[in-house]
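The first chain written gets the first letter, and so on, giving A, B, C, D and E; residue counts start at 1 in each chain.
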Amino acid sequence: KIAGLVELSGTGATSGTNFDNGAKLAAKEINAAGGILGRQIDYTSGDTQSNPAVSKALAQKAIDDGAYVVMGPVFSGSILVSMEETRRAGVPNFTGGEAASITQKGNPYIFRTSFTQAAAMPKVARYIKNGLKAQSVDIMWVNNDFGKGGRDMIVKALAAEGVKVGADISTDPGQVDFSSAVLKAKQSGGDALFVYTNEEESARALRELRKQGYAKPIIGETTLTGQKVIELAGEAANGAIAHVGLTADAPIDTVRKFDKAFQQAYGTRSDHNGIKGYTAMYFIKVMTERIGKVDGKAFAAAMHGAKMTVKDNPGVLMDVTFDQHGDLDRESFLTKVVNGKQVVVETLPPLGAK
Amino acid sequence: MAEKIIEFDRVVAGYSPSLTILNETTLDARKGEITLLIGPNGAGKSTVLKTLFGFLTPRSGEVRFEGRRINGKPPRELLAEGLAYVPQGRNLFPSLTVRHNLELGGFTLPRAEVPARIDEVLQRFPRIRERLDNQASTMSGGEQKQLEIGRALLLRPRVLLIDEPSIGLSPILVRDVMALLRSLADAGTTVLMVEQNVRTALKYSNRALVLEMGRLALDRPASELLGDPDLNRLFLGAGSAKAHPAPA
Amino acid sequence: MNELIQLIVSGTATGAIYALAALGFTLLWQASGTINFAQGDFVMLPAFTMLFCMIAGAPLWLAFLATCVAAMLVLGVGFKKVIVDPLIRHGVIPLVIATLGVSMALKTIVRAGYSAEAHQFPAIFPAGQFTIAGVNVSWADLGTLVLAAVIVIALQTFVTRTLTGRAMQAVAQNTDAARVLGIDAKRMVLYTFLINAILAVVTALLITPTYLAKFDMGDSIGLKAFFAAIIGGFNQTRGALLGGVLIGVLENLVGFYWSPAYKEGVALMLFLVVILWRPEGLLGKVEERKV
Amino acid sequence: MSAAGPSHGDNAGKAFLEVREVRKHYGAIKAVDGVSFKVGPGEIVGVIGPNGSGKTTLFNSILGQIRPTSGSVEFCGEDITAMSPLELSRRGVGRTFQTLQVFGQLPVRDNLIVAAQEFQGSLPGRLFAAPDAGLGERADRMIELFRLKHVAQLPAGRLSYGQQKLIDIAMAFMPNPRLVLLDEPCAGVNPSLVDQLRELLVELNRSQGGSFVVIEHNMDFIMKLCPHVICMVEGKVLSEGKPADVQANPAVLEAYLGN
Amino acid sequence: MNARVHLLALAAALAALAIVALYLKRSEVYLLTLWAVYVMATMGLNLTAGYAGQMSLGQAAFFGIGAYLAAILLKLGWPFLAVLPVAALVCFVVGLALGFPALRVQHHYLAFATLGFNVLVYLAMRNEEQITGGTFGISGIPRPTFLGIDLGGHVAYWYWTLGSLVVLGGILWWLLRSPWGRAFAALRDNPIRAESLGVNITAYTLLAFAIGAAFAGVGGVYYASLVEFIEPGPFHFSTSLMMLLAVIVGGSGKFYGPALGTAIVILLPEFLRGSSTPWLKFMQVWYLAVFGIAVVALMIWLPGGLLSIRERLDRKGGPQ
């Protein structure tokens, strides 16, 4: 019995829905293949409405209902609340949240499904320094927990690399008009622009950048070159570069297979959140079979320091290791939008492997 | 006896089931006459007019216009049959100009006829002409009343229902309006009028109906009533001089 | 200097969008005395309908026409029959609350029934742009502005200069009096909602390329549009244009010269200042004397 | 003629309410155009004049409902020009309205209580006062007096026009004001109650020395009640004096009374 | 209703609420507590909007101010009982300030002015990071102890909240039956007439806002302590809309309206979410759609809210 707490409405609806779909897809596949240790997965998801108080209630409810593992929420604010409950009850909890603080609270039951911003940003900063040879960079970010967290991390990472931060431009979630933000970036004259906003805003920002004739490199994280962004920004997305932890475009067989299955099931392509949900479900399968019983405490204990490979089960998509905090590590990609397609230009090794 | 244009036949009506206002009310108004409806405050006079003009549907009984049953018929249709109604209380479109208020009075008329008729009304109420382009709500109480009456006359109705026209009008205008109604009646219009200014109204009316607690209490020729000392005592207050102690 | 002009130009374009949406508010207010909390969703729905038509293979113009018909049926006749008619006799507040419910329902239906994601929408204006005096202006911006202005003027003329327009206002101001005069209140309300439905479709057509079709696209538009309507003057159709453009420009200026973090607050500040200083709005006329 | 209270002459010089050259212009419309008059303590003054002659506007200017264009108003030696209605009510000035102004959703009895409760004790004190603020009995007597007993528990907005008018008048008298300005109190009121109302005013005037200014188109009422009458035309005072004199003034006849 | 019957029914309802908690699951008790917390705020809104007629869409802002104050002060080690009056007072004062637009504008203008205030407060919560923790919020908010009793447990905290709700309800009841209550109603019905009768509409308008705000502030304190974490999200104006809906659905200007309305807005969706009956599962996704339509239907049949059913039955067959 696995419970999902996901943002099906409110500001996080897109991410939550993807995450949920990914998890559902995996559950279906696993069940079709005989379940976990012969038991069928009973996956139910509840809508947190992107509201922490509701997440908390849902987490309690999941525990009351005897959930084995809790998945989600994706939003960092919500997970910070709900993880208190899963911790108290000793139920393992996978999250899609990327805020660094989640795993720094010493909670032994919390596990990530993706990179933290703390892990991703140094890779980006390094690329800005070495790949783009930029001396200074402007930052455009969205003022929510996601954007703010990323902004703080990139500033730190850039400082470590000795790259100067020019204009520091915050934008609003759901912002439509980016003309003043882009004008600010143009004015500041940095060598590149780092854009860290949600999908729709990324698309709008790219369009406005194109409109105002911004000619310098535009770099971002996962969201910047996502499928949705390319679809929404059209032409204007071309040339954007992003570091991507997970992407359905990754040149890996398992991912391609997943991509196809997802499209078949939901008619759209999955974003990284879909992969998060999908792989998390397989993490559970692999690990449960490894410990040989359905026991949350043992599961959590075994997760720390665990390594899972595609060989164990193709469902985990890529080899992955978990550390003592519950953070994970694996390969990541540098992608670029070329002719309306996200193209992986470089595969970056896991942090731990460097 | 003149033809009965409007008839109430044991009409029961009210604003909620637990509160009956018109209690088996039976009355009528006749062609070419001014029928005056009087009675204490809250007797149900305005309710009679509202029921007649389709704002209230009788719970039982029958309302007839020229012999046809019109229970709950919507105002628009009654208007088309030649009825017009000037209600009590606020009845204008406050932020529209006086001119536009008048124009809307002729909403159901052919467009081409309206300007001439408006002119006619303005002749009758010169005060309104001076305020034509002001917002209706800025006018004084009496001016608004003139506008309302004028607006109804625009329709040249066959039957005019008019609720306390004298409220807010200066004595000179009260007499003008009454005389006007008289002349309309003489020309064949049926007028059903509610008034508290009983003494003046009786002078111009043919027949007076006294309503008490939603029932017809009296139905007499107006001239007869005017001279009746009994009614004088009851409704005009003469001699009710039992001084009331002021509340401390 | 150049950037100031650029900011003003692009702000004006955004403002035209607000103005279009605000127009629905002023229309409904003047002609039915109600506030439609679902106004934003009234724009969202046609956007999706057009999208559907296009997915089904219809060209944009056909999608637009089909949606106009559908909107008149659903947002016009349907809304009036199902919601306004039974509610209007209870006064304005229940109706306003009901539109809140409608707004919630519409959003959820689109989200749960179709998709929670944003969808791209083709633009009716050519994609290009031109530069005058160093300022970039896109055809879309210019087109939206011009169209918005034309619609505002047309609507203003209709509502204040025609007998039908005034009858619509009359119904809003005093329904009983309107009935006494034989004005078919229900029909006037129907006209109002039919016009509003068309307005919503046109607004959707113009703004969805920028806003993207998304189930909650109406939220931010609705709010801004409402503020724009009040700032310009609720009982003046042309007030919507002034209010919209004012907000659009000011937002841009604040975002650039002060801090983008409080950009969203701009419409609000302006709104607060206006209602405290001139509650009737910048172009609004003072309403009736009270006693 | 029922001369009520001290006559006008006695009080010349020690005015209670003094209105000086009050004007209210709306653009070209001179609604009130330089009106001056005095009301002595215990005096009853009638104001008549054709429709739109500025009577209501004059009241509104005196009572702070609108700000006069120019001129001043003094009450008990204090300048009260453009004071808010609230401040005036605290000084003992009450009023009634030409248009219906009641608390539509409150029961009739509560309408009357609320009309006086704010004069009992302090604002915080009223939070701890009895629910009826000790005014229940007085309200009941008023209800009796105005023949509203059978509707006392109904929301005032559901009453007939005349009944609402009566409530408005009763409310003005609930707090025992020193001066009351009444705007067409008889409009829509049954004739027998009109007589009673007049008697009530006379009685209040005699027993408590209350002063009244009354706008009325009911000449019978004015003639019997007011020892002093002002006739306004076009925003100006046309004639002023004893009712019989004003009534006989040809200009008044021509503009207002007819014949 | 007869006063004694009323009291008995109330006592029975409270007893039921107290006893049932012993048999409920943790998450259900949590939801009940959440309900009580929201009722504190909606009760205040009922005073402002329902009784005094001042359309307010800023209640969530006060709720948030109370919650943030509580979070900050409780983490500084202040005792809960000291935080309560501070939060109430601060919200009272801010509420006074919010009342000022109400002196100039009414109805929908006022609604949007207060909504604007809500947005500003929200922006401040999100952007003034040093104080509010920005979008990351504040976590680790402690629950109180009272007379040495630890209220950290879910049932204990529920009793504590329920008790406080009853006290708050008592205060509101007292206020409404005093002359103040009548003055608020007069203000709602006809401010012009009220002023000429000595009703200080400035004072009462401001009071209506301030007291309503103080109630929300108190609710916010309980909220922060209940959830043990806060961030700006729950204090977005959409919460204000929901609170207004709760008041209206229950019956605005009805004493028990907010309690009923909040149950429908807060508890019902959770109940449906929790259910595994197939047709109810459908509701998990469609709940808001159904709720929205239900609101419309309610406004058509019972524009005065659920608790107005008695008047409705009385007025049936009235004028069209």
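To be clear about the criterion, contacts are C-beta pairs under 8 Å (C-beta built on N, C-alpha and C of every residue); 3 or more make two chains touch, one makes a residue touch a chain.
Note that the coordinates shown come from a computational prediction; the quantities given were computed from them, not determined experimentally.
Steps from chain A to chain B, minimised over paths through touching chains, total 2. Contact count check for B-C and D-E (C-beta pairs in contact): higher for D-E. Centroid distances from chain E, each centroid being the mean of CA atoms, peak for B.
For this pair, chain B with chain E, the centres built from the Cα atoms lie 49 Å apart. With centres taken as mean Cα positions, chain D sits 74 Å from chain A. Rounded to whole angstrom, the centroid-to-centroid distance between chain A and chain E, based on C-alpha atoms, equals 36 Å.
Residue positions of chain E touching 2 or more other chains, listed in rising order: 126-127, 192, 285, 288, 320. Shared interface positions of chain B, i.e. residues touching 2 or more other chains, are given as 15, 55, 90, 138. Annotation for chain A: residues touching 2 or more other chains are 8-9, 143.
Per the touch definition, chain D reaches chain B in the complex via residues 26, 29, 49-53, 55-57, 98-100, 138, 141-142, 145, 147, 151, 158-163, 165-166, 173, 184, 187-196, 199-200, 203-204, 207-208, 217-219, 255-258.
If you check the complex, the residues on chain E that touch chain C are 100-101, 104-105, 108-109, 112-113, 115-117, 119-120, 123, 126-127, 192, 241, 244-245, 248, 285-296, 299-300, 303, 320. For chain C in complex with chain E, the residues that touch the partner chain are 35, 82-83, 86-87, 89-91, 93-98, 100-109, 112, 223, 226-227, 230, 261-262, 264-265, 268-269, 271-272, 275-276, 279, 290-291. Residues 174-175, 177-183, 185-186, 188-190, 192-203 of chain E are the ones that touch chain D when the two sit in their complex. Residues 163, 166-167, 169-170, 173-174, 176-184, 235, 285, 287-289 of chain C are the ones that touch chain B when the two sit in their complex.
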